[in-house]
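Some structures are shown below for you to check.
In the two assemblies presented below, chain A is common to both, partnered first by chain B and then by chain C.
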Partner chain A sequence: MSEQKLQSQTVQTTGHAWDGDLQEYNNPLPVWWVYTFYVTVAFALVYWTIYPSWPFGKGWIGGVSNITYVNSEGETKTHSWNTRALLMEDLNKAAAAQKPYFDKIAGMSYAEIAKDPDMNGFILSSGKALFADNCAPCHQAGGQGKIGFFPNLTDDDWLYGGTFDKINETITGGRHGYMPAFGEVLTGEQIDDLANYVASLSGIGHDAAKAAAGNTLFHGETAACYYCHGADAKGRQVIGSANLTDNIWLWANVPGTDSAAGKVAAIRGVITGGLNKGVMPTWAGRLSPEQIKVLTVYVHELGGGQ
Partner chain B sequence: MNFNFKHEWIETNIGLMAVLTMLAISVGGLVEIAPLFFIDKTIEKVDGVRPYTPLEQRGRDIYQREGCYLCHSQMIRPFRDEKLRYGHYSLAAESQYDHPFQWGSKRTGPDLARVGGKYSNEWHVQHLTAPRSMVPESVMPNYPWLIKTPLDISDIADRMKALRKVGVPYSLTQAEYEANVKKFGETVAKQLHIPNAQQSLIEQANFGNYDGDRSGISEMDALVAYLQVLGTMVDFSKYNDDAFVNDR
Partner chain C sequence: MQTGLEEQLGLYQKRIPIFTRSVKGRFRRFKTTVLALAYAIYFLAPWLPWSRLDAPAQAVLFDLPGRRFLIFGLTVYPQDVIWLALLLFIAAILLFFVTGLVGRAFCGYFCFQTLWTDFFIWIEHTIQGERPARVRLYRQPWDREKVLKVGGTHALWLLASFWTGMTFVAYFTYAPQLVLDFFSGQANAAAYITVSILTVSTYAAAGLMREQICTYVCPYGRFQSVMYEPETLAVHYDAKRGEAAHGRASARAGQRTLAERREKGFGDCVDCGLCVQVCPAGIDIRDGLQYKCISCGLCIDACNTIMDSFGFPRGLIRYDSERNLASPEPAAPKIEWKRLKTIGYGVALILMSAYLVYSIGSRGSYDRTVNQIRQPLYVVLSNGDIRNRYQIHITNKAAQDQTYVISANGVPAGALDLGNFRQITVKPGHSGLVQASVRLPPALAARTQHFELVITPLGKPAEARSETVRFDAPGIRP
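Our next item is the complex of A and B:
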């Protein structure tokens, strides 16, 4: 009771009374709080002057802060502060920092880049980041590929060619693998013969008699496999047909199958169903020519470059 | 003027207090949102942006049903690292036909605003079915039912009509169709015509064969078709790298 009395003496009330005697204390805000509030108001005024703030007609007040950048046409432009102009400035700075390297790369042949230790360091670091962002989801982190889906980039086997120029061409323009399905063109027996022949080319366990028959089919006009895979069955990189003689497999999961019969069956599956996959997207619009050049050398140096 | 304002007037009149409270709290929204309707650069003027085709729109529905937006944003911000990883920053114009937009605010997975064309269809199919078979360190859940579930296309016209009500220019009448021909070209306009919706959905699914299985149209077909169009509508090679700086 006495405490209540004390409070009512020191704290003002709002002056209203409800139901006769119901009153409300009026506790003013602390002074430090009020002044902090005034400071934030002053800050807002300064902020509005410097940065874009109030809408005005069909536009807005841009503020006094400016950003100067150079665009792709080489024009120097000044614009009131915004994040898009800021990005241009950021990109300008990054381009200036990387310019010595990219100028050097543009002027060097692939072989020179690969031999230059200074450049090699740049390729390894920037190429690794590019590879992780753009290539690794399919070709995997180390470029080892995925059987049944995406080719290994670290071995000596190249569908479309493993020279610098060919790798660059593949990255720039993309690829699309295709092999017709023979399931309805050939009999099951013929496909079995062909699968045994293809297995024999890589030294996999097979039926010699069937392989001999497959050999005839392969080089004959009925199946005409030689037309794409070549008479030596080593593939033709111009059209991306596989080398069938090196025991390196992409579409038929031969390494993942234990029994010889299983391996032949895997090959038979590809001949029967054909392929309309092995799609590599084109990177021309997504990456700059310099970035593609960096990636080309990076992929070449993964181990299989020719 | 002898105007003696008293708090008591408001405090003892609940109707007046409700009106004044509403006015006070609407200020924040009004000053942030209302000017956008008057500023003529809110939506950038850019060629190529069109509404989704029926198949893509169904894919988008599945994207929302499965909650992809909980982990994936569709908003590339104008920062150097985002440009290098994802491509050109997103424009407001690019999501003008999105209801609701999928900008998102959280990235557990990568941004998908420009995922279109970055991977092959077969990668998407395999990755959606079993993400870790493609990206070993991924934490994305498996979505194995997408390829097994036939796509429900029976209500595609109704879905498009609903979007038309909120402003997406799908056409119902001949006049609207002709307006779309002028705006988007004949090929696109045909796909935006609601009376042909089922047929154009089937045609696109059969032609694109997104899931690699020609026997029918699965939910995978729709979702991959949607993912493959994300961020591809604007051809940025036609614009200077600072073409959109003036819009902000």
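Our next item is the complex of A and C:
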């Protein structure tokens, strides 16, 4: 106890004196602090052995902890620890975790998938990710498409058919919509008549006389619109021709304007210029059949399917 | 100034070993009771059985992979994190409240550093004997006796530390299985790492560092001054009574009775030093209130024992307030709570505790969120109808499977389309997702801006909850 008192009550100085009387107190560090420092040194040595540490020549010392992963080419690679390899390893693990679901999906019919609540959850999450990675650049994040460019997948109109099999066919093989330009074949007046007729089919304001003339042209051999769009103008899913009698517009931006004249003008533009831009790439080879199956169910659910 | 003084001065301050003398008394009994109770709870809780449908039969299980805490009949999910925030808030306020009233009571009686140190000192005492024996052992060379006794002490400390670590890990997995797996080398790597870290840190903190944790590591002692007020009760030495006019003096012949001491001007303190010998922090309480004091009350017990043996009144060292000690006529010490700070903390404590109890008590058996799909906000269908789509997320918080039925208020029957899943069954602790779409003719769509989606647990109509959602149509601006 007496030593204890001595140490706590006697203030020691370092022994230096400046300017005659300026001194410095010696307040020693607790010794465990130093031991903690030694422990951190030991920790660093262990760390250097395990993880990449020092630059060495043109590379670096990699450490003993290796990461093995399979890259996108299917090659197995082993690399000293780094976050990029770690990501690849994580992606491999995620793919392995999804595999049982994809395997299960491969063996199920669409009707079975649609009724299975577990599968429904998987489709909603994995389908969303697949859609975002592959489809959203054109069809937009929610599948709402863009008038004049990409079809809306959330409505109930399906150019090529909205059954599971047809959607699968569309994704697997891609599509190429085409309509010839009538600007060089028909006169401006004839195109105006046709545009008014098409507007009348879906109840848009139009000139009745012109529409009647358009009706004749539509079903006659001069324009021969019925050849693709059908005599009832409801389109043919086999070739992807549009249903002209409903409220869905893909190419002519009819909803984009409020005036009847503007709507007719939008239709006239499509008839004059034709279409050669409705191209959807083929996804076979880029996505696995199971992934396409997941996307099929996901897209089917977006718009309710057929 | 002589040269070379630096060599004589240590650059680093070595720990001065503390050999605490054991003592009997009120505070020792209280400390022992708290220790026994706390250890019983900590070490036994993971072994309490509790039958569960979908988890191991363990009463307290922090199921990290399942993202839930199972505490008896209560299941806590990550979304209940507000409870944790409340709990931490209550703990902090409780600490400030108690410290304002009776000083560092937490440090002295309840802190795990104190509890474990106390237990480790008890082991040391049991093997090596009372303080004089331990001091002698410390000074003697490393002979057979010293190696056996000191080695045995450290071995027992390590064992206690190891079981402390094991018990901690047992809260996170099924305890009996963990013990089996641990010793057969099949437990998770995380279990081995956690047990190792906790063994080493418990051994170091309670065996080797002890009061240094309180002095250097823990910030609490350093800011005790901002929580203390003059009215705060703390362990104090009554210097006026102890020192009197001519200071403390040993109880030699001629100054043994109170009357003799009064006459000679000596205080009541007989300078036996017992209060210093029993102190686990190694301080002298007679130097006054200091940051190293963890306020464990052992010096009070020690001093009272001596006062009793001399027939002096008790309480030379006692719980008292600075104000009372400084007053010319000190009254009997009592808890002073009529202060703005104490009342404020007290009110906050009551409000927060009440809210926590209410929040736990009123939690529903399921959680739901309804989101309108915003890309696109609405879809115009081929016949001109407007369709909006919604995602309904249901989390089942009950202990068994539950089926939920979804219906709509404020839209015509048949407008709500739930696809293939008219109702959804969710496992306990899991979530289910339902896609709903509502289809209205244009005229009705223009009039409908809101409607209600109703979620009803099957067979529990009283727990039905409705969510008001928007319905968007072209041309309507919010």
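By our rule, the second predicted complex is superposed on the first by the 208 of 306 C-alpha atoms of A that agree within 3 Å, B and C clash if a C-alpha of one lies under 4 Å from a C-alpha of the other, contacts with A are read in each partner's own complex, and residues count from 1 in each chain.
As a convention for this text, contacts are C-beta pairs under 8 Å (C-beta built on N, C-alpha and C of every residue); 3 or more make two chains touch, one makes a residue touch a chain.
As the structure is a computational prediction, the values presented were derived from the model and not from experiment.
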According to the stated criteria, A:Glu290 is in contact with first (chain B), second (chain C), both, or neither; which is it? neither
Is A:Glu169 touching anything from chain B or chain C once the two structures are fitted on A? First, second, both or neither. neither
For A:Asn152, decide between first (touching chain B), second (touching chain C), both and neither. second
Examine A:Leu124 and indicate which partner it touches, taking first as chain B and second as chain C; both and neither are also allowed. second
Thinking of the overlay built on chain A, is A:Cys138 touched by chain B (first), by chain C (second), by both, or by neither? first
Where does A:Pro30 make contact in the superposed view: on chain B (first), on chain C (second), on both, or on neither? second
Figure out whether A:Pro255 sits in contact with chain B (first) or chain C (second), or with both, or with neither. second
Kindly classify A:Glu301 by the partners it touches after superposition: chain B alone (first), chain C alone (second), both, or neither? second
After overlaying the two complexes on chain A, where does the chain B footprint on chain A coincide with the chain C footprint? 14, 16, 140-141
Which stretch or stretches of chain A touch chain C in the complex? 1, 3-5, 7, 12, 14-17, 26, 28-34, 114-115, 117, 120-121, 124, 140-144, 152, 154-157, 243, 246-248, 255, 301, 303-304
Residue ranges of chain C touching chain A (in the complex, touch as defined): 1-6, 9-16, 208-209, 212, 216, 273, 276-277, 282, 284, 373-376, 379-384, 387, 389, 417, 419-421, 424-425, 432-433, 435, 437, 474
Chain B partner, complex, touching residues on chain A are 14, 16, 55, 57-60, 69, 71-73, 77, 79, 82-88, 90-91, 94, 133-134, 136-138, 140-141, 146, 149-150, 276-277, 279-282, 285-286
Write out the stretch or stretches of chain B touching chain A in their complex. 7-8, 11, 35, 38-41, 77-80, 83-85, 87, 89, 117-123, 126-127, 133-136, 212, 236-237, 240-242, 244-248
